[in-house]
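Before anything else, here is the set of structures, which you'll find just below.
Okay, so chain A shows up in both of these, paired with chain B first and chain C after.
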Partner chain A sequence: MRHIRSLPLLAALTLMTVQAPLSTLAHAAAPRAVEYKLDNGMMVVVIPDHRAPVVQHMVWYRVGASDEVRGKSGIAHFLEHLMFKGTEKLGPGQFSKIIARNGGQDNAFTGNDSTTYFQSVAKDRLPLVMDMEADRMANLKLDVKQVETERSVILEERRSRVENDPGSQLDEQMRAAMYQNHPYHTPIIGWFHEMQKLTREDAFVFYRRYYAPNNAILVVAGDVEPEDVLKLAKSTYGKLPANPATLRAERPTEPPAVVGRRIQMQDARAGQPTLVRHYLAPCYAKAAPREAEALDLLLKVLAGGSTSRMYKALVVDQKVATSLDGGYSGEALDSGRIALFGVAADGVKLSDLETAMDKVIGDVVAKGVTAKELELARNQYIASYVYESDGIGALARRYGWGLVNGQSINDIEDWPNRLKSVTAEDVKMVAEKYLNSKASVTGWLEPPADPAKKS
Partner chain B sequence: MRHIRSLPLLAALTLMTVQAPLSTLAHAAAPRAVEYKLDNGMMVVVIPDHRAPVVQHMVWYRVGASDEVRGKSGIAHFLEHLMFKGTEKLGPGQFSKIIARNGGQDNAFTGNDSTTYFQSVAKDRLPLVMDMEADRMANLKLDVKQVETERSVILEERRSRVENDPGSQLDEQMRAAMYQNHPYHTPIIGWFHEMQKLTREDAFVFYRRYYAPNNAILVVAGDVEPEDVLKLAKSTYGKLPANPATLRAERPTEPPAVVGRRIQMQDARAGQPTLVRHYLAPCYAKAAPREAEALDLLLKVLAGGSTSRMYKALVVDQKVATSLDGGYSGEALDSGRIALFGVAADGVKLSDLETAMDKVIGDVVAKGVTAKELELARNQYIASYVYESDGIGALARRYGWGLVNGQSINDIEDWPNRLKSVTAEDVKMVAEKYLNSKASVTGWLEPPADPAKKS
Partner chain C sequence: MITLSIARTLRPALAALALTSAVFLTSGSANAMKIQSVKSPGGIEAWLVEEHGLPLMTMQFGFMGGSSQDPADKSGVANYITAMMDEGAGDIRSADFQEQLEELAAKMRFETGRDTLTGTFQTLTGNREKAGDLLALALAKPRFDGDAMDRIRGQLQATIQFDAKDPDKIAEQAWFETAYPKHPYGNAVHGTTASTTTISGKDLEAYRARVFARDNLKVAVVGDIDAKTLGAFLDKAFGGLAAKAQLNPVAALDPQGGPAQKQIVMDIPQSVAQFGQIGMKRKDPDFIAAYILNYIMGGGGFASRLMDEVREKRGLAYSVYSYIQPLQQSSIYMGGVATKTDGMDKSLEVIRAELTKMAKDGPTDEELADAKQYLTGSYALNFTSSGSIAGQLLGIQMQDLGIDYIETRNSRVEAVTMADMRRVAKKLLHPDQLIVTVVGKGKPGVAQN
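Presenting the complex of A and B:
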């Protein structure tokens, strides 16, 4: 609703940097989720966690911005907003008000591949939440005036998040340049001129096609017993009919990468000159065995945080950057990406920062990583996997993201073991394969050279 | 068929550079085409020209590569090839054989917005040609084996025209980077990996939807009388039923341009380092009054041929380029483009060539063109319009391109008058508006720095 999941640069890069006591590592591979399937095809996943008497309830629809038809960009996200406008039973805005009145919180987010609604509530309120969420899965009611008003809201959201944020504009431009054929090139929030034309009917067409129990995954984490959740699910979601017409159109795939692309943006609102480099990479669900895990480890060694090679080289030793980060994002249905991000130190030209960055990249491609680096990166990841610093919210999201993007519960829970099996050779191989300049986009963002001249 | 209309760089740029005696200018605005509409909705345009006893016969379908659905890129062009595979009456390949046996020539081309079949024959063979062309408009017959074989042909066509031609690859990449939302970003010939999967059924779906008399324009130029052609058209095309389902899907439009893009390609097959600059511009049918004509004149003054400003500055005076050309292409349904093209002189870096090019551009944006330059450019265009150096083929193409891209016969024939009405202020205005770096893509093509290193 108010959040939009657009894989923003820094959010993606700072994921999982929490350190954890290594003593918790022993639990790493213990399976914890239980999976059911309702008769109408809805998947139900329960992750018992009794640390506190609360639950996180999430419904993940297997549909996102990349399923929109041409010319209707933004409809997935617009519908997500409109899902708070009421049903036959509930008036506009009542959904969130009732959750709040019951001491809970709720929100939603839209991604390229999925749309998610979630609530955190005291465990005794779970039946209420499931009843309301099942209700709006089938009985959405929209009045034309509310649709008009909400369209102003999403347009304003775009203005403030994209048009008024040069970093976000650069990211949007880089994504458009990276994907030449796949709909990931279109912004999740939509192109402004298309958002302006979205109608109530557009929202309903999308809703009727994709919002159905057989296209949804229910994830409940917290102080619950799996069988109790199953019973509740049967008496709420289980009563809704499946929609046999729910079928994602096949998405076009990318042609082979031919040449890197560059975007050099000058904007008076830009702060220190900033360099961003993206490389196309596979996603978890489509990568060859151990490739995605090796990419996680590679990026941790290369650019993840202040102990990384690139941070040490550019920020500490050469002092050409004041900030440096990087990571691999593999949670997607069709494609992932590697991102590197550096802010130039005072007086340093972006071309020089780029040369320095490319030198560190060239080195890891040529020589790979050391056994010690690999071990350190692995332990950092496994620790943060186990530590669950964000509690049941993070836990539910992990399962939801994985499942909605084509992984199985076993894939998700086995991740630490797969990380352990990655060798230094695997890491070198993915460095050679994916730190490929032909499949890259390089972005520069800086203020105009002459301060009197507006960009 | 064997030609593909992909607006190749040089073809687009060297159009209309023929000089003509100014004495022919008097005929410039004389209307010559006669237009009819058949009962089934087919448009018939006849351009009598009695200089020789021959005719050019063309059928223009209002469908092209930009009407393809996602994932089926190349189907418009593939179908164009398959249209030579026979009908109920004619065996595979017979169409062209019969034309040749009758002393004629035939071919076809596919564009973003249209697909065209044409024949030049002696005038007494026109009935034969119209009979055969009408036959394949409705009765195409395809056998699976022929489809397989022809798919190998188009794949080989792509290999030789794109994969084996770095200049063409650069153009494809620049087009993909220029258009962020409109299907013009997809190559007309298709992406290789999608072409590989095109089937007989895909071709028929496209054929049945778009190949119908109400979606076609017949253009006949040459030694004919309009009424005779109309009579023939009625007895051939006129017998085919209209297809009411023929309806182009609305095409998405571009978001506002935010930032220029750069593509720097190194390829061992590249010759001298080459610089290409594209700017997004309106097309003739969608430009504001006099804008497209002003763009034609601007580009003629700026970069059209060896008398242009940029040629004189870069090739003659500064000697930083050995070749220089440029032009505006406005013959399209949704968008046009400005293209500039320079080959670096020995030892000149592309960055220096680009700086020199940008200086000439900056100058014309700041100061516009002189009355004398404008007059010279105008006379060159009007002379070539009148001269018709290519005979009836060029004449028929001019009408076909204009009509299929949304112009009227009056628009087409009135072009010289509109050119005359363009003022120096109009030219300055379009220079400021469209030589806009935010809406540009800059391409560099050069051999790798180290000859031992493959790109």
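Presenting the complex of A and C:
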């Protein structure tokens, strides 16, 4: 549980670290993606990796929770669930059953900016899954009763993920406070009271508008040849008509940040008092040249793991925290986030932990990072790149996330070169610019002063 | 990925499940994996799969013992030691040790379960020897300095406090305490605030000296290394360990006290439950049949009856599952469900009814055929990275299933008949004996079924 707020952050970091080869070592090891475009506008990306006779097949739609109409929060995710309820050809629940019967695994996930469906199968089953995925891109069938039942499921999902977990509630509140106007304000899963009212028709409106080949990216990684995948794509997805109406509505943007925000939560279910700090930051797709890369390096030096400055200062030297972590996540369409996370040591007040944290932040803003720190951080990224190339799931996600968030294959594969070009001055500059208290949200989570009252 | 995205299903990440589900080869695969049994000059054995596509190596290794070897009054020793392994060794103190690991971009991670303590070591080929020196030091000469001990104690105790408020963790721990009274399996793997307060560096060293031994070690290596080089590397990494382990005997014990239902009151909108009963030992000739049965019952995600009845038909839960957890001296058939407060009675009723039905009639022909197709066909998916392959190879060794296991496993799944399934369903499933622990709103106290 202590990891709940730090793990997603690290997962995001991980994604950023694996974008493309950094050194010649990594370069030699890097599989390269091949890109095509179907006549109906669907992007096809193939990453050959012949080490095991399996493939990862993913379809990424350029639509997510932040494209929902106000008042319909959760519909992107609800639709994702409903996509397993059958088509004109397939009965309810048959999709996953057929995949399993073919020795495959399947799942899906919804983000702010994208919705992804994926299967892992033996390579000779690729035609089957492409046929089925193309089928549900166009021929979804929903019966009212099933929609009702599935709505109960997503409400239970929300209870599990959010209502039952104060750490997750804090994160939701902090996100809502950070984004005052942009739809990242709204939780991906939706607000409970709005989820309760989502209907079959809401799902279909969203589906008809956004689920079309011209709004999707096919990513296939594994034991395949690019031309073979292209041929299969043409005979499956290629037969679907494009939908010119898939255009995303323009999203509202944030006003200038005027003042930092604070969320102070007391909850009987809280463990050790916990401090979380978020800063608004640019995302990879929209940052100025080298800014996002510099943010990755900055956060590694500042708070990434037990060799970081903040861990050494707060956990090892001052002993005001028992755990400390942090990172930058820039995989988004409109905006990224810096996050810092600390658990107070026994008897330490969150205000004191916060003061100590701010001192380390102030120091890096004033003085930047050393050449040695910068090199060590870069070194970590080289290794992460190589380690994470070792698996077709990670490879497919690397490209899918980048592409769906507005990067090109070239952007993705050129990442190490940009990272290499980041200087200590760049890092100092992003520290000054983005460790800005006005664009921050600070969260406190602790048990009530007298826990006997509540528990 | 929670803030980035939310997935449609959560599958329980259980080592036992992964181990047993993962060992099926696609017969006739052109890429069939070759496992070499390597013996070092110093006599240390390892299984090796050479894979030179990427300049890296993953090694997983394990010692029998785990938290069941914790001293009776000091639960949490094994877990504590796993957190101390990169906190300095030999002449190198904590901060320097971690910095050297980072400079080499090597990864070293340890974890413990009830029966085994395992390590994962990853290195780039170019840094292998230097990283191996650090691993060797950590295993044979960890420092356990007082300041590092205190710092890690703080982290472990914070974890214990968080777990004490986490409904899933509470339900699980209550289940184990109920089922294994006065037995090491009943103790929390993480220990307690009280026990971790008393654990010293001497306790960790005593555990290390007893458990970290060459005759108690299994090793799996995947990646950019050949057998000869690996032999020398094994001697370097593990040569400093004692020849023989001195494990304390752990009594064989089936889960006790069923049927029972225990309610732990907590003010949360969603209740969570763990339910479990005696499972099937890994060495039981019926284990494979029981494993298939669990896939059909609650292990197979959307292909399982529990998911179908509780989630798909009734919308009672997002997550409902079951698994078989074979322990060295016991075995559990365990499951879990999370549902809104007033959905719990109904969910448990449905689960019991499904277990009863399965015990009585067994699966359908179609279910058995589907399960076999999934279990045999999905083999290759568990061998797609160095880490996952090493994990499989280590698991097979730790469970002593033999180096030919991968080749024979598919045919053993295929060989299970409907008669076997019906017999094993009756033998395994005892819904009238379930131990259930529920965390959520509700009446306090213990109600017997």
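The definition used in the following text is that the second predicted complex is superposed on the first by the 423 of 455 C-alpha atoms of A that agree within 3 Å, B and C clash if a C-alpha of one lies under 4 Å from a C-alpha of the other, contacts with A are read in each partner's own complex, and residues count from 1 in each chain.
Basically, a residue touches a chain if its C-beta (ideal position, glycine included) is under 8 Å from a C-beta of that chain, and two chains touch if they have at least 3 such contacts.
No experiment lies behind these values; they were computed from the predicted model shown.
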| item | value |
| --- | --- |
| Which superposed partner A:107 touches (first chain B, second chain C, both, neither) | second |
| Touching partner for A:177 - first (chain B), second (chain C), both, neither | first |
| Which of chain B and chain C A:189 touches, first, second, both or neither | second |
| Touching partner for A:252 - first (chain B), second (chain C), both, neither | first |
| Which of chain B and chain C A:264 touches, first, second, both or neither | first |
| First, second, both or neither for A:151, with chain B first and chain C second | second |
| Partner chain(s) touched by A:241 [first = chain B, second = chain C, both, neither] | neither |
| Per-residue contact with chain A, leading partner among chain C and chain B | C |
| First, second, both or neither for A:91, with chain B first and chain C second | neither |
| Partner chain in contact with A:70 - chain B first, chain C second, else both or neither | first |
| Those residues of chain A which chain B touches in one complex and chain C touches in the other | none |
| Touching residues on chain B, where the partner in the complex is chain A | 70-71, 73, 169-170, 172-173, 176-177, 180-181, 183, 185-186, 191-194, 249-253, 255-256, 258-265 |
| Of chain A, residues touching chain C in the complex | 1-2, 4, 7-9, 11-12, 15, 25, 28-29, 50-54, 77, 80-81, 84, 92-93, 96-97, 100-105, 107-112, 114, 116, 120-122, 148-157, 159-161, 163-164, 168, 171, 175, 188-189, 222-223, 268-272, 305-307, 312, 315-316, 319, 322-323, 329, 331, 343, 345-346, 376, 379-380, 382-383, 386-387, 389-394, 454-455 |
| Complex contacts: residues of chain C adjacent to chain A | 1-9, 26, 29-31, 51, 53-56, 58, 86, 94-95, 98-99, 102-103, 105, 107, 122, 124, 126, 147, 151, 154-155, 157-159, 161-167, 169, 266-270, 272, 300-303, 308, 311-319, 338-340, 343, 370, 373-374, 376-381, 383-388 |
